[in-house]
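Can you keep this structure in mind? I'll have questions shortly.
Chain IDs A, B, C, D and E follow the sequence of writing; residue 1 opens each chain.
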Amino acid sequence: MSILLEIQGLQTFYGPSQVLFNVNLTIQEGQVATLLGRNGMGKTTTVRSILGLTPARKGLISFAGRRIEALPPEQIAALGIAVVPEGRQIFPNLTVKENLIAFAANRNQSPQPWTLPRIYEIFPRLQERQHNLGNQLSGGEQQMLAIGRALMTNPRLLILDEATEGLAPLLREEIWRVLRLLKQSGQTILVIDKYVERLIALADQHTILERGRVVWQGNSEALGAQPELWKRYLSV
Amino acid sequence: MPRNWPIPLVLLGLLLVFPPIASATGLEFYTGLVTKIMIFALAASSLNLILGYGGMVSFGHAAYFGVGAYAAAILAREGVSSAWVIWPVAMVLSGLLAFLIGAICLRTRGVYFIMITLAFAQMIYFLVVSFKQYGGEDGLRARRPDFGLFELSDTTLYYLTLAVLTAVLYALYRLVNSRFGRVLQAIRENESRAATIGYPVYQFQLAAFVIAGVLAGLAGVLMAHYTQYASPNLLAWQQSGHLMMMVILGGVGQFWGGVLGAATLLIVEEILQDLTIYWQLGVGLILLLIVLFAPMGIAGLFGRRAR
Amino acid sequence: MSLLVIEHLTRQFGGLAAVNDCNLTVEPGEVHALIGPNGAGKTTLINLISGVLPPTKGRIYFDGHDITHTPQHQRVRLGLARTFQITNLFKRYTVLENLELAVQARSGSSFRFWSPVKREKGLREEAEQIAELLGLTARNHTEVAQLSHGEQRQLEVGLALACQPKMLLLDEPMAGMGPEESGRMVELIAKLGQSVTILLVEHDMDAVFRLARRISVLVYGQVIASGPPEEIRAHPDVHKAYLGDDPGGKHA
Amino acid sequence: MKRILWLMVLLGLAGFSLSLAQPRTVKIGFVSTLSGGGAALGIDARDGFNLAVRLLNNQLGGLPVEVIVADDQQNPDVARQAVDRMLKRERVDFMTGIIFSNILLAVGDAIFEEKIHYISLNAGPSEYAGERCNPYFFNVAWQNDNLHEAMGQYVNTRRFENVFILAPNYPAGRDALTGFKRFYKGKIAAEVYNRLNQLDFSAEIAQIRAAKPKAVYTFQPGAMGVNFIKQYAEAGLLREIPLFLPGFSADADVIRAVGRPMVGIYNSSHWALELNNPVNQRFVEEFRKAYNRTPTLYASQGYDAALMLDAAIRAVGGDVSRKDDLRKAFLAGFNSTRGPLKFNPNGYPIQNYYLRQVVQAPNGEIINRLAGNIFSNHSDAYVSQCKLK
Amino acid sequence: MLNGVQFGLMLFLLAAGLTLVFGIMDMINLAHGSLYMIGAYLTATFVGITGVFWLGVLLAVVGTALIGMLLEFSILRQLYRRDHLSQVLATFALILIINEVVRIIWGSQPLLLSAPEGLSGPIEILPGLNYSAFRLTIIGVGLVVAMGLFLLVNNTRVGMWLRAGASNREMAQAMGVPIKPLFTLLFGVGAALCAIAGAFLGPILAVQVGMGESILILAFVVIVIGGIGSVKGALVGALLVGIVDTAGRAFLPLLLSQVASPEVASNLGPALASILIYLLMAVVLFFKPQGLFPART
């Protein structure tokens, strides 16, 4: 297994205020990794730095052997990173179908890429609403669309930032099932979510952030065995 | 008065002594210029009320301005010479017009609002142009009215305008800090939330629209007195645009925005016109620099935060 | 007498009936949860009740009044206040200013053009009380845009509270909140539930089962079941359409 | 706020230095249309005026002259501001230059009230010819109706029935059709007014086609004329229905723009290139030399305006404060490009009106040729309503 | 009628560019009319130099597109993030600047531009009905461009990217869309459309300073009636406005003269005709506050 994403000494600022302090993170090809931490600890910011949306002020990020910390977001995306962003951010002025096909690609060179029919298969609701504009969807439907949109680019690294927010219980289960399938097919994933038990079952390695610093890193077994960690850093 | 109240007071003092000094030094022309600036300051401030404080980007504000001027001119033409009749009638008329137009236009939002206010202003423009008995495209001469108390010369008009501007600005200052003013600004900030906490958004907006219309009408009356003429240009869309430029330049939703914008734009135009026939190039460059480097307009440069 | 009665309410978006011949009653004093799959029409229903959208068909009665065609602001006057699924605040105002605005809306006419509103002590004091109730006092003078997501969600509820409503419509108040903040919100709602009638839309089943005295299940715009929590938990259709085998689940 | 104070101080200084202007020069305020669709007219008039001043050694009536030029952009408001500046700030002694009647009407009263003589070199509205005639107003060119009267007379004698007449809806446009109808006695197919500064005439051309007239008469000043004729030709109507024009819409400027389709068109004028008098010959020759183009009637009018001022200022011995004597001197007339020119009490001239035809000269150049005389010593129709002596 | 269509299609060319820039890039560009003017001036100049109409048009279109892109690159780019009012002020300033620059380069007299030789005459489209060949060409060009644009915006991925980028720039980038060059390009396309309109209206109207402003208002009316951001809306709106305006001017005075004296008719007629399009807009907005084809925003 080779390293797909490597972050070293990442420091990120919003204007004058520093949010990330020396974050290190390594994800192997085919692994599922998580970022954990309470509200406002810097999880989303880490993602934004990877994507080039809030570029790192210091530190290096390499993806598939290429330095990317100075690249513009569109080039990073083209290398094969896709995100299901916090707050969905679907395109309101594109139809559901357009939201899905506009960015379709096979950046992963996957033999069985995600296609429109496959997305509709897991989210039948999207097919029903396919000619509606993005902003005419309910909150949960928008969430499904955001997931579908990211899958359609067949990324080498899929990032899910609170992808289950606002989804009904049944659907939430569906998402976990899909993630398991993805993992089986070798997809590399970085997940942020609040359902820790689910994450332990799914992921290989975990990183806990506290005020922009990595305070713990380890595998599922270790995390599962240390409920005091949960209490301390995740207040569960 | 705002924190920096001494500045307006000093300015007021200077304006009070300006005409005698100007005529002593043979610069009566500038008394006229300052009168004009004050009239536009009044009109721009009225627009700033709805555009800046109310978030209603009206692209038809010249309509009320022009209707005020025309009301004055037409009444004068029909033999009404008392300002005590002309002023109220003109203000009521422009207010009424603002009410009708506002009532319809406030159904729309955003650019659609901009364009529908423009549409109504254009209709009024063309209507006025088609009234040949009142000059049509050529405009109408407007004799200065009779105030009873004093003769309306260039100088008394100057002081009258100064008095009106001061009074209106004070009233506006009270207004934007009153309950009404606060709601108006809250609606601009977040209309849907204002409605969900129980404000009848439409009524607030309409009320502000009418107040602005009345004040613009008043400015129009003064304009007619000043030029002794009512021209359809006063209602043309370029005029609305000019007023908008003043407000944006001065500072949208900044209390002194209208005044500063009117003064700056008119003075810059005046100076550059003297220097070169390509003066608009200069005006354009200055405007562009201001937008690029002073996002909150000139008033914003003085450090008061916009809301 | 029921506080809120919805009869044959329908809202059509083009060909889609987001709310479809829906009937629902809410009794005074109860915390009533409204659950259902994504896109079932919950938000649409809240929009209809609060007057953001006009219905295509049907009637809405509140506190004995037919409010089907009553404008939004008058519904607030009658005692019906709501929060938004997507935070909807006066972003560039401080917490207190937000609350004062809401208090002012309720206390006397706002068509007052002359006297400075800043001098009205009453408004300020009441706003401070609400902030205290929310536990936001420390943030009183912070611009809303700088609050954390959770704090904003709390202020969402605060604005509705400032209207002194008889009934609160809460649309996914917990969405996007971490466990800590969720916990605090559940407590707040529980406390409010003692004095105000609440209609709660929420996907967080923990919270729903903790708070609700009655639950209605909306599917394809229609209420398919309505009853006390145990009954709903056991309802086979509800399982199929909504709950799946969600354990209520622990989360981080 | 500080910035404003600062600006005001600056303004004050600027004004002060201006007020130190020296005496003994005549100041002429020349407000004209120098940009937009009517620019060609104003530019020709200005060039004519300047040419005359230059040939008079930069003096008028023996006094050194300062000509202050401003562009009115064919906009009454801009004109009002420019005039205001001329009167109040520059304190000019005479004014001239305005091309368009609506502009003149917007500023006239302000000028007369300051007791400044206005010498119109083009705009000749009927408003100032009749009851509202004014002792401070003179027109060196014509009354607006005149050229159209001449064309009406000519079309009448050619016995065209059913003429379609068209003009812009503004004072001079209305004067134009009034003038035409005063002498044309046949049937009018339709009388249509278009917008001033309109450039697309497809609607009007459609109307003409529908009305099936035997001839068309239209007055369209400046770029409007160019466009009308081009579009009329493009629509194929020029071959079907003859077009008659006043000299305004068929002079050298229009010919330059439209070219060959103009050939054959008849038009009326009070002036022509080949008028045989020394003043005109010098004018035409010097104008061609100075500006390298054929002068138009507007240029001749500008030239004449300067000559008229020259004569009157000379007559009062350079004392331009003697307003009454100045008026007498203006009325007495002067020697113009059209020969000796006399004025009616309303300030409008008494002169001949000619028929011209656009032809292709043997050298290939397309020019206007004198083709006859329509009126001799013709006055305007309003003079009897003017109470001035 | 045909005139209305022809005028409408020209308006469409302008309006389409405007609606693209406005609806898609969410940028109010008042200087759009100035690009139209530049297009006309360049056409006049290049036709003068080359002596071949079509070559002149081509050069002018390319030139205007380049100028447009340069503008975007140097100034407008900084305004995307600003509110609409700043954009209004900035682009208004650009109008003033461009007007004066054009005046300095070309003078304040209108330039002359004639229809190409072959098209300057009438042709018979129906027995007995002559119509200007040049205007017919305009109709053709307008229709072709309309089709092309419609396909580009609605049926291509580039179109989708543009729309996505307009509504959420950051997210579009995160999905891999190169927004900056794309927007510059789009702006160039808008400018090119302006140039086409300028090139073809030049021979009909006059090439002069200020030609952009009056028509700009009409273009705004068109896109608002049509619904901002919708190419189809711009087409329908433009045709409506073109036809209503031309028909109003041709028939209203006639109609009025049946009921009133020619004097009154001629006074009221043109005014009413001018009012008509604004009335049209007001009525459309009254019943459809988002325009006829509510755009997808």
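To be clear about the criterion, a residue touches a chain if its C-beta (ideal position, glycine included) is under 8 Å from a C-beta of that chain, and two chains touch if they have at least 3 such contacts.
Molecules present, by chain and UniProt name: A = ABC transporter ATP-binding protein; B, E = Branched-chain amino acid ABC transporter permease; C = Lipopolysaccharide export system ATP-binding protein LptB.
Predicted, not measured: the structure shown is a model, and the values here were computed from it.
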Going by the touch criterion stated earlier, list every chain that contacts subunit A and also contacts subunit B.
C, E
Centre-most chain by CA centroid is E
Give the label of the chain whose average Cα location is farthest from that of subunit B.
A
Going by the touch criterion at the top, tell me which pair is linked by more C-beta contacts: B-D or B-C.
B-C
Using mean CA coordinates as chain centres, what's the subunit B-subunit E distance in Å?
31
Can you give the whole-Å distance between the Cα centres of subunit C and subunit E?
47
Computed distance of Cα centres, subunit E from subunit A, in Å:
44
Among the residues of subunit A, which are close enough to touch at least two other chains?
none
Residues within subunit E bordering two or more other chains
103, 267, 270, 274
Residue list for subunit C, restricted to those that touch at least two other chains:
none
By the document's touch rule, what are all the touching chain pairs in this structure?
A-C, A-E, B-C, B-D, B-E, D-E
Complex interface listing, subunit E residues touching subunit A
157, 160-161, 163-164, 166-168, 170-179, 229, 295-297
Provide the residue numbers of subunit A that touch subunit C in the complex, in ascending order.
36, 38-40, 86-87, 125, 129, 136-141, 143-144, 162, 165-173, 193-199, 230, 234-236
Enumerate the contact residues on subunit D facing subunit E in the complex.
34-37, 39-40, 43, 71, 169, 190-195, 199-200, 202-204, 206-207, 223, 226-227, 230-231, 233-236, 256-257, 259
The subunit E residues in contact with subunit D across the complex are 3, 6-7, 103, 108-110, 112, 114-115, 120-122, 130-135, 203-206, 208-210, 246, 249-250, 253-254, 257, 262, 266-267, 269-270, 274
Note which residues of subunit B are touching subunit C in the complex, please.
174-175, 177-183, 186, 189-190, 192-201, 204, 207, 307
